[in-house]
Each structure stands twice: as C-alpha cells, then as structure tokens.
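Structures are listed in the sections that come next.
You will see chain A twice below: alongside chain B first, and alongside chain C after that.
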Partner chain A sequence: MTLDRGEMIEQESVLGHDPSLEDQPEAAKEIAGKSPTQIALSRLRKDKVATLCIAVIVLLVLVAVLAPVITRIFGVYWNVSDPKAPNTTDVLAFDGYPKVGPPFNSFTWDHPLGVAPRLGYDNLAYLVYGLRTSLIVCVAATVISTIIGVVLGLMAGFSRGWVDRVISFITDLLLAFPFLLAMLALSPIITSRFSTDQDKLRIATITSLITILIIFGWMGLARLIRGQVLSLREREFILAAEVIGVPTRQILFKELLPNLIAPIVISISLGLPGFVAAEAGLSFLGLGISGYPSLGKMVSDAAPYYADYGLYLWLPVGAIALLTLSLNLLGDSVRDAFDPRTRR
Partner chain B sequence: MLGYIVRRLMSAFLVVVLTSMFVFLLFFKGPSNPAEPLCNLNGKCTPEKLAILTEQLGYNDSVVHQYGIYVGGFFHDRTISFGPKYHCDAPCLGISFRTRNEVTSELVEKFPATLSIAVGGASIYLTLGVLLGTLAARRRGTLLDRSLVTFSVTVSAVPYYVIALMVWIYVSLQWKLIEDTSYHPITSDPLHWATGLALPWAVIGLTSSTAYARYSRGQMIETLGEDYVRTAVAKGVSERGVVIRHALRAAIVPIITIFGLDFAFLLTGTIFTEVIFQIDGVGKWAIQALRSPVDFPVVSATVLFGAVIIVLANLIVDLLYAVIDPRVRLA
Partner chain C sequence: MRLKRSAVALATASMLVLAACGGDGDGDDKKSSDNPSVDTENLGNTGSGTDPTREGPATIEGAKEGGTVTVLSSPGLTTPIDPSDLYYTDTNAILTSLVTRQLTQYAYDQESGQMILVPDLATDLGTPNDDFTEWKFTLRDGIKWETGAPVTADEVAFGIIRSMDGKTFPNGPGLYYSNPYFLGGEDYKGPYTAPDAEQQAVTVDGNTITVKMAKPFPDFPFYASFPAIGPIPTDPAVSDPAKYAQHPLSTGPYKIEQYTIGKTLTLVRNDQWDPNTDPARTAYPDKYVFKVGLQSEQIDQILLADSGEAKTTLAYDDVLAQNYRKANETGRLVTGGQPCTYFYALDQRKVPDKSIAEALTWALPYNDQIVATGLIPDVNAVATQNLMPPGVPGREPYDPVEGHGPFQTDPEKAKQILADAGNEGYEIKFLYSTDSDVSVAGKDVLVKGLEAAGFKATPVATTLADSVSDRDDVNGDINMRSYGWCSDWPSGATWVPPIFQSTDLEEVGFGTNESAFNNPEIDQKIEDVSALPVDEQPAAWNDLEKEIMTTYLPVVPRYYGGVVQMHGSAIEGVVIDNTLGMPSFRDIWVNAG
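Let's turn to the complex of A and B:
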C-alpha cells in the first residue's frame, strides 16, 4: 500500500484491526490520532437519546428473535390453522368478539394481550411474529440494497464514460418512481400467478416485497458514494495506486471503500426505519406479504374495532411507532456523530 | 437552452414509452391468464368460457400485436369485446372488468379528488414548513428553535399512515370533531369542498411540514451567514426586510426543487390518505381494484397514469429550475 501513515492508521482502525499500533510502546498509542469512526462511536456513547434508542431496539430484536420461545411459554399461536391452536369457535363468540380476555372479559394468562375479534388469532403471538417479519424484511432489504448501492456507486464514480452514464441514468430514473407504484403493479400479478398454492404464494409475496424494496432502496447510497468517489479518485493515494499498477478491483475495495465507511453507516441506519415503515404500510394497504403475520396487516384488521377494543389497535400501532421512532432517532444520532461539523 | 429542453423532452418521452411497455408486459403477460378474473366475475368459470374470453380479448395473439392494439387505443377509438361488445373512446385504457365502464372516464372522474388532496396538503405544508423553518432559524438556539426541531424529528420519525389513521379514528370517528371527510367537487360547492378535505389537508400539512421546516431552517441559517446579508444589515435594512427580501429568496430555490420532486410522490402517496379517510380518489380506486377478482384494466391504468404524472412533474421541475436559479447553466 502506498498510503501515508496517518491515512493507514485511519483506514486500519476503521476496519477494526490495527496492526500498526500493536507493536508500538504505550506512549505512541496515546498520541496516535483517533479515527473518525472512533470519534463517532465515542460521541454516540455519550448521546443519551442514542443509548435509549439502542436499548429499545435491542429489546425489540430480542423479542423478535425469541418469538418462538415466548409463544411456547404462553402457549399461544398466531396462526389459527395451527393444529395446536385453539379452535376459533372456542375463543370467539357469535358476534365475532373474543369470549376470553379483553375487551369484555377479565384478564387471562391464556391470552395475555387478548384474542383478535373475528379472526381469532392470539394478539401476543401475532405481535411478536409480526415484529419478526418486520425485522427480517428490513434487515434483508438494507443489507442487499447497501451492497448494491456501494458496488454501483463505486463503479459509477470510478469509471469515466458510459458505465457511469448508464448507472446514473438508472439511478435517476428509479429515484423518480415511488416503490408504492411498483408494488401496486406487482402485487396482483403475483397473487393471480400463485393463487392456487398458499405456500408458494407466501414465499412469492415476501420475496417480491423484499426485491421491490431493494430495487427502490439502493439509489440514494449509490449517488452519495459516486459523489464521494468522484472527489476521492483525484487524491494522491488513489493516483499513486493507479500509477504503480494496483488492480482496479483492489483500488475500489481496499483503497476507496474504507474511506466511505461514514456515508455507508449513516445510510444503513437511516435506511432501516424506512424499510420497516414501507413493509408495514404496504401490508396495511393489502399490498404486502400474505400468509405471514405483519404489523401493518394487524393495524388494518384492528382499525374497525377502535371503539370497543382499543388495545387491539394500539398494540400494532405502538409497535410500529416505537420501532420506527427508535430506529429513526438512532439514525439521526449516528449521522450527527459522524458529521465533523457538529460539535458537542 | 432550447437544446436542453428538446433533450429533456425526448428522454421524458422515452421513459413514458418504456413504462408503457413495462406495464403492458407486466399486466398482459404476467398473470397466468389475464382473462381469469373476468371469467370468475360472473358465476362459475368453466374451461370453455375461459377459452372464449381469452380468444375475445386477444390474448392468443402475439405480444407485439397486442401491444400495438393497446397503444393504438391511446390515439383512436377501440372496440373491446368480452361477452358484449364495448366501445372505448380514445384515449382508451380498457374497460373495467367490474363496472364495465371505460377506465379513462372513471379515471377522469376520480382524479380531481386526488389532485385536491395533493394541492391543498402541499400548499399547507410548504407554507407552514418554510414559515416555521425561517422562524427557527431567526431564533436559533432558543427554546422555540429546540422544541420545533424536537417536534419535527419525532413527527417525521413515525410513519405517515400511522398518524393519519390515529387522527382519523380519534378526531373524526371517536370524538366527532370533524365528521365529514369526503370529496365534493369544487365547482359545485367550494365551501363544502374545503371543509370536507380540511382534516386530510391538516394531517398531510402537519406531518410533511416538519421535513420542510428542518430543511428551510438549515438553508436559512446558511444564507443568514452570507456576506451579502451582513451587508444588508450593515446598511440598515430592517430585520424583516433582510429575512424576507434577501435571505429567504436565496434559500427558497433548493426548497422549490425538492417540493417539485415531492409533489409527484405526494400524488401517488395520497393512496394512504384516500384509503384511510375514505375519499374516492384514484388511490382508493386502485386499491379497491386489487380485491379478488382483480380488475386488471383499472390497476394497469393507474400504474401507467402514476408513472406518467411523475415523469411530467420531473420534467416541469427540471425546466423550472433552469428558469428560477440563474446559477444553473444549461449548454
């Protein structure tokens, strides 16, 4: 590598491994500068809002990961067609309202958060599994769209000429279209194609949802990365690497990428809540996934019962609000922490 | 400038053509048989009935031939037959499977509601956002500024539809503060038009203004620090004059750009507003068409329409931007 030393320390520590410092005496370690990532992390640690948000998110992730354990402990089921689940006729009265638990009966440990009227699933089980779906969808969409955005952004920024022009055209084109329109177009097609097979339909809807979120989720980052690369590629260390004949791939991923950690981390942390909101919103409209529990679908199921069964509505609404709020606030804190202009 | 306009028009046209091909392929080749929902609509669908409908709708012809007929319908009248024959005036987007009306005329009927929601909501959030942002920038660092920023961060962190749904349920249904949320044509009764849409407007305005408030606050802080603003203050221009005449005029250009791009999203985003507030617009129409059996002509028409609106809005913003901002030079 032909980087100057300061640059190298910065890059190595960004990657979490710092061999240049290991064999040096203690004193040298102390005067060695902090990398931007380290500064950002220490700022984040002092940020009270961020700490609270991380705690909430960790809690929600734990609930989602432990969903099978939680449902087994309480003996509740989100899927009424589960052979072990109680018959809907056992838990629902003739008017569709639950026979046990809220809103009209006293609290019962069999269904701690009540039973859904008309549909008969257990609210607690549906909620934790819905949370699970939300998190799976948003993590999958974020990871893949980040990779695509980074790779295309690097390619567009570094290659002069038609590759850049094609990628930029596609970026601008997709940026102009809302994913809602794409989902509106795709959803009836998938439903009609797989309407005969419930298992296939369920897989198809979740894959198509994640795919659409990815297709419409990478452009912002790609654009950002491209802009950064455009300025970085004129810097001495890149020019030097080019001169001594370092392969392009290595320049892109070993020289440029470590300098782009901040925008990538920021885009990930701001992307997650967006995907959560998108998934729940699409399911609320009936465009999202079918066959899996989803918080958005629970909201649309519960909306008609606002008057006498407020708990049923507030559960999914609260879960969506809590998840997006904490993810968004954390994202803002991460952005502030990485921004060299903000001083605390 | 002229060259730029021609090039921009051409690329917009290209995008529209590509979108129409995409929509066509998706809706006419995507489903296992696009005639099936129609067949299921009236009683039992027998294989013979399905075969007749498929033949009548022309789904046995080649893709290019079908696309030709589909595009031809935009320019001249068409006759579409499934069961009885239907006459479809140009521009023809098909006949609704469910209502058996021309899709175009239904679209024309539903569009004013959507446009009203979008225009009303947008004017509220733009004014409110710029106003609050300017106020916060002038009183930077005070309690007002900080509470405004906190409020805006919190509101924009929660998805729009969650807020809209809760407002609809509590304000309109539970507490009955504003009971009537529906669309009445502005031509017949302007007052009723405004009162019927007041609640959706307020919700769109309040939730979307936060982003604009934050954005214009940032822009204003930046321009208020410019040298020419200091010059204006030094030569004794009143504070109001400096803020409005000097700073705001410079700060508003990027805001207008973002607004133009947003407006197209707002038009499609009214889907949530219409579904939640039960307003008969294009969005609710599209969502209703999705109910089984799917009304394919309606869905494909709304998707194509939405795409064209977005392309047009982008085109207008790009052209306007060149006019508004003298720094944008187009060779």
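Let's turn to the complex of A and C:
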C-alpha cells in the first residue's frame, strides 16, 4: 500500500516536468511533486521530538568523537595500565571505595564524575570512551547488516525458485539459531586464538562482536524486503522493465530499491538502539569486547556498589538510556514521517 | 596442599593469584591511616600445639543448648563428602567438627587463638616407634555409630585401608599421604580397585590399631585428623562408595538428615554420641542447616540486615570488600588466618638470573593488586615475607630480598637492579583470564607496575576454564606463574618439599613446583632434613627455605591468606579454625535470649 502511493507520486513528479506545464509557474509550484523522501524529511523537520532526538544524538556523537580531547582536558584515564594514570591505591581506600570524589568525599575536578571503586579508572574517561565503543559497534553493525539484509531480500524476492528457497532457508535457520549460545561458544575460541597478542585480541573481540551482531541482525530486514519485492515485482512498471530488457541488476537497484527506502530507513532507525542494547548486554555478561571500555561492562562493574555509590551505576545506565531512547524516538518519528497513512 | 574449598573457589583462588597482594611498609607504619586495625600477628598463625591428654566432655561457660544454626555460602558443598574422598576445606571443617570422628582432631585454644591437636577416637595422639615408621593408636570405649552399633577397631582400620584406593577416591588426600607413606601403599590399589590384594600397612590387635610406614612419617597424628583416617563400616552393603558418598554414617554429635549436593545439607542431633568420649566437640545447637549457591552480595545483605532467621545465621565466605566497613561496625565480623601463601613462581628454566626475581619483589604493586582484585590488605591478604606463613613451627621471619619490607613497592629500586644486571626491559609473560573481571583488573594493575619498574609486561590471555591447565603446561610460553599453596598441617615438610623439590617435568609436569626449580643439591638437602630427628626438623626446614630463597629466589611471595566472615547477632563463639580458614563449628552456640 505504502509503496503504491509512493510510486504514484513519483509518476506525478515525472509528469510535473512536462514542458506543457512550465508556462504556468504558480500552478506548477502548487502541484510540484515531491519525492516521498522529501515529504518525509519535511515532516521530520516539523516534528519537535525528532528534532530534539537528533540534537541529543549529535551531541552524544560529538562527545564520542572528541573523547580523546575531553580526557586530555580533564587529565583522566580509562585504562589503569596507562603509565600516567594514578596508581589504584592512590585513588582507592583499602576496601576499594574511592579516596577522592563521590560517594564519600566532596567533588573534585580531578575526577569530575568520580572514580570506579575497586578498579580505579576514572568514570568520565570510561564513560566517553564507552560511548565511543557503543556507537562504533552499533553503526558498523547496522550499516553492514542493512546492506546484507537489503541485498539478500531483493535477491530472494525477485529471483523466484531455488535462490529464494536457499536464502529463505538461511534466514529461517539464523532466526532460529540461539544467538547467545553462539557468543558463548565463540568468545573462548577467540581468546585462545589470539591469546599472546593483546592488540590483536582487542581487535579480534570487537570485530567478532560486530560480526556476530551482523550475522544475527540482517534477517528481519531481509524478510521484510523480500515480502515487499514479492508484491512489487508483479506490478506493471517492473513487468514493463523486464519486457524491454532492463538488466536484472538495474531492475533491482534502480526500479525496486527506491520503493523500499521507507522500510529500510525505519529498520535502520530501530536497529541502531537494538545494537547498542545488545552490545551492552553482551558486555554485561562478559561476552563482549575485552580491552576496550564498554557501557555494558561499566553497568556490571557498578551493580554491586549501587547501595552506596548510585552515581557509578546511573552514569552508564543513563548514557545507554539516553542513546537508545533518542534513537528509538527518532526511529518512531522517521517511521511516522515515511508512512503516508499518518496524518499530522 | 591445595586450597580445599570447591572447584569454584579453586578458580577464585587462581584468579586471586593473578593479583598481587597489598600492604604497606615494615614495622609500625604497617597500617596506613585508613586501614582497619587487624591483628596480623595471629592472623596467619596456623597452629602448632598439641595436647595428647585432653579428655571430654568439652564445655563452654555460659553456653546454652538449642537453636538452629543456618550456614550460608556462595560456592561450596559441591565436592565429595565420602570421608575417604574428602579434601576441601569447607567439607572438612563441617564433617570433622560435626559429623565424622577420626583418630585425632583440632580444638580451638582461647589463649593463643591457635588450633591445638587433641585426641578424638584414639585415647591419645598415638605412639610412634623410634624412627616414626610405625604408629599405634588405642581406640576409646563407648564410641557408637548413629545406628547404635559400636565402632570397632576393625572399622577404623578399614577406613585407613580404604583411603589407599586412589582410583575410587581420586579427590581424597590418600594419594598424597596414604599411598606414599604407608607400607606397601605405592603398590596396594585399595579394597575396591584390587579386592584380592593384601595390604601390609594396617594391623589390628584388640583395641589397638597399628599403621606401618614405608618411610618416617612423624606428622601422622596431624594426618589422622582427616576424615579419611576414621572408621568406615566394614559391611560392603553399607560402605559401598557410590551409596556412602550420599550419606556417610555419623559418629559425631550430628547426623545427616538430608543432603543435596551443591544445595543444602541438614544436620540433626545424633543421640548415640557421648560427649564424655569427646575432648573437643561441644554440640550446643539442635540443628545445622547449610545452604549454598547464594550470591555473595546477597549473603552480605542478609547478614548485615540481621533480622529473623539471619540472627542465627553465619557465612563462611569472606565478606565483600565493599561491605567490610559496614560489617565491621556491626561487631559481628570475625577475622582469622588461613595457612596459605600466594606467590609468583618464576620459571627457572627461562629466567636468566636471580636479579629478575629481586627486581620483581620491588616492582610488584602489592596493595594496588589486592584492592583491584577485591581483597582487603592486611585482612584477607596479609603481608608476607617468608614462604611459610606464621605459625609453622620453626619459622623465623627474614627478608628474602635484602632491605625489602613486606608489601613494599619501589619501581626505581627495581629499575636499578635490572640495570645493574643488564636485564632492562626483561619480558615477563603471565596468564590472565579474559572472562574474569577480577583477573583482568589484577592484570591491568600488574602491567602498570611492571612497566613502571622497567620490565616489559606481556599478559597472555586465557579463559577461566583453561587457566589451570594453561598454567600447568610445562611447555607453555609464559615465564611467571601465579600460585597459591596451603598446608594441610603446620609443618615445614608441607612447604619446602612440595614447592622446591625437583619434579620430572616430562613425566609428571610441575607437580606443585611451579617455578620448575631443579637443583640436585637442594633435593639432597631436602632428603637430609627429612631424615633429621623430629625435634630438629622445624628449624632445619626454616633454614633450608631461607637458603633457597636468599640464594635462588625461585618464587616471589605476595601475601598470606586470611578470612573475614560475618555472623548473625544470636550466634556466639564464632572463631576461625586457622588450619582451614573456616569457622570452628565445634565451639558455636545460639544465644536465644
């Protein structure tokens, strides 16, 4: 339904360029066609929630990008192995609680958000670098899984026959496969494979995390796209294209894909917060990345100290909540904007 | 011996071992201002006294009968409780204090805070022959099983013989003591594995049990306090290993009412036990309920809240560092020693010379690592010097590295030592477990400490599941191994030979000599000390340890074990059995009003 209208509007816009109409500029402006994307964007601009969410996301991205600058300004370190970082017992008392800053001491600019009990890293530094990791993981996983989902969905929907059956089978298989189990099995394998080289191990864990998230993240979109393609490919403009001998690749990407922008954008906007949460969850369980700060890891570090040191837990929880909430709300707005049935 | 708690605790121990230990300088400045005051003198004491003439009944002044004691633990009770197969600290403390009786036992001495070896089923602590190759014990009268049947000398003998069956009881202490020391123990496979073979070690004459040794075993009375050296019913239908492991018969003050491995153990009174025959057990509470598998944080919160059933509850897990201040304020916190030393063993096949170990002694960030791994300096990680913890007879404190006080970190000095020896940037390779938060934290701190001291630190990743096998792989590409060793009884013989005697690396691996220290001269000296008269041995062991440590320094001690446990407000008499690092269940009573 959605796409039918979009198609019609596109046809209209083509008609809009009819030279016969050009000598009536006023009227032409009135009925000047807009592509569905343009309509959606103009709707988004008017949406206050969406604007706010975009502002928050831009801010968080800026903080993540500028993490090295921020930590340098404050002189704080997320890695206690850093030669310049203070010794653990310089900032921690005998029972692991910080000697400086919250919860038992007054605020200090040396550690604006406090020090992690027992571990001795600076909360601000860990938070901004953790945000960085979260964003890298979620953007990488979303982009790649979207590409895979779209390509496989298009192929499955358009090809008919065995290609469709094979792709659909793989999709169903992966949907049914227990994702947590794969992570549980993979994490010790990676550790033993890269055990001697710490840098390789760090990179290996983060790439494997992203890979796992991608492997288990494209199926939803692929199914959605396949369903849309199944209905679109019987439509006249596709049949016409086939008849006049347009190459399949061109049909897929030039004819079909533009009609699928809406579901893809919606899937991206809802996928991002999902991956942020997945990364945090896996790191909380100790299956995520090692050697990089992670918000999920910070939550699991902070949980035992909640009673006395609430701030420590609220920092990563707040960051994850802010990121996922703004991404989710933005996703909702994007869906509303792209859905022609919604009226404002 | 190994830290004998449970598999989970063992893993914990190996994690802890990755972290170094903390503390401060020497002497009076030992306690930094914010450190709690803990009696570190007695903390590590592991008991050395004996009292062969003590008689029952044991009583505590003012103690009341009755009540149910609930005992909580996070890991634990996952290991076998068949007496012959029992070799973990928690089950050992529970069974020997409450359920099973053996030839000897420990009693807590209020004055010294130490455990004293006293008789149990035997009338005294045994009579050796001149060269300690034969021990005679006389069984007391009036000892009964929970069924009411009398305990016979034949049943005690059968228990001792049964401990030699290493194949049926692979977890038990028999493999380390019964088979190597008992006459014919190396060849005799035990009553289940070799039912037709004849054993030569144990003979019975009336009420007297004689154990013959293949080599001198002066410490046998200490070994006789293990559940393995107690009676087992001779009726094969009763003592069948598979069945008996579910419900060992009681000879002590309590019997097993219900037992679910890894979950609960309920003990109720055994009315066949006669307090007059027992020099150490008091048995005031009516019932004990052990519950395991709770989260550590949950246990702490239950005990801190101290309401309802929690009042009569105690835990034998250490209180978490973050709850220590609050727990200490309640006045319901008990600290005690554990006869364990945690150390780094440097692979002597790879390390060029002693300067590495000396520099490492100065470089280790003792306090940082203790705090980062969730321990509390000078409470459950006590400052070290010697390998042997305080309380081992003959131990004299000395500094393995000249001028180095316990828990002293000085990267500049370490750098200087490395530079003088031409070993700047020497690469230290050590294991850590990526899936253990504690292990990773300890690694981070250690890397910083080593780098600051001019070493090159190369952590090698492993996982908890593989950490022990990776550490014990003799061909592994690491040169520093973290290890913890706990003695089974206070004697230099349980320290120097297991840690420093050479092993056949090809055939048996490190054994317990994790530094791969192989020195024929020292091996000979170990043999010589073992052959010395018993009263000269304690000092000789200490001298030998000092000689090895000052000449070769194969291991760098980090800290001694300690325990810090909380109990409810109605529980009285909680003291730490510092031979095990467990509460002394013999002395506990419930103060209902």
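Here is the rule we go by: the second predicted complex is superposed on the first by the 314 of 344 C-alpha atoms of A that agree within 3 Å, B and C clash if a C-alpha of one lies under 4 Å from a C-alpha of the other, contacts with A are read in each partner's own complex, and residues count from 1 in each chain.
Quick note on the criterion: a contact is a pair of C-beta atoms (placed from the backbone, for glycine too) under 8 Å apart; a residue touches a chain by one contact, two chains touch by 3 or more.
These numbers were taken from a predicted model, which means no experiment stands behind them.
On the shared subunit chain A, the superposed partners chain B and chain C overlap sterically. Using the contact criterion defined above for the overlaid structures, shared-chain residue A:Ile244 touches neither chain B nor chain C, since it reaches no partner. With both structures placed on the common chain, the touch criterion links A:Leu173 to chain B but leaves chain C unconnected.
Contacts of A:Leu92 after superposition: chain C is touched, whereas chain B is not reached.
When the two complexes are overlaid on their common chain A, residue A:Thr191 makes contact with chain B and with chain C alike.
Of the two partner chains, chain C is the only one that A:Asn79 touches; chain B does not reach it.
In the superposition on chain A, A:Val317 makes contact with chain B only, while chain C stays out of contact range.
Among the listed stretches 41-49, 185-193 or 221-229 of chain B, only 41-49 clashes with chain C once the two complexes are superposed. Common to the chain B and chain C interfaces on chain A are residues 187-188, 191-192, 195, 286-287.
Chain contact summary for the complex, chain A toward chain B: residues 173, 176-178, 180-181, 184-189, 191-193, 195, 273, 277, 280-281, 284-287, 299, 303, 306-307, 313, 317, 320-321, 324-325, 328-329, 332. On the chain B side of its complex with chain A, the touching residues are 15, 23, 26-27, 30-32, 36-37, 153-154, 156-159, 161-162, 165-166, 169, 173-174, 261, 264-265, 268-269, 271-272, 275, 286-287, 290, 292, 294, 296, 299-300, 302-303, 306-307, 310-311, 314. Taken together, the chain A residues at the contact with chain C in this complex read 79-83, 85, 87-89, 92-97, 99, 117-120, 187-188, 191-192, 194-196, 198, 201, 205, 286-287, 290, 300-301, 304-305, 308. Residues of chain C touching chain A in their complex: 22, 32, 34-36, 297, 320-322, 324-325, 365, 367-369, 371-372, 374, 376-379, 434-435, 437, 440-441, 444-445, 447-448, 451-452, 458-463, 465-466, 477.
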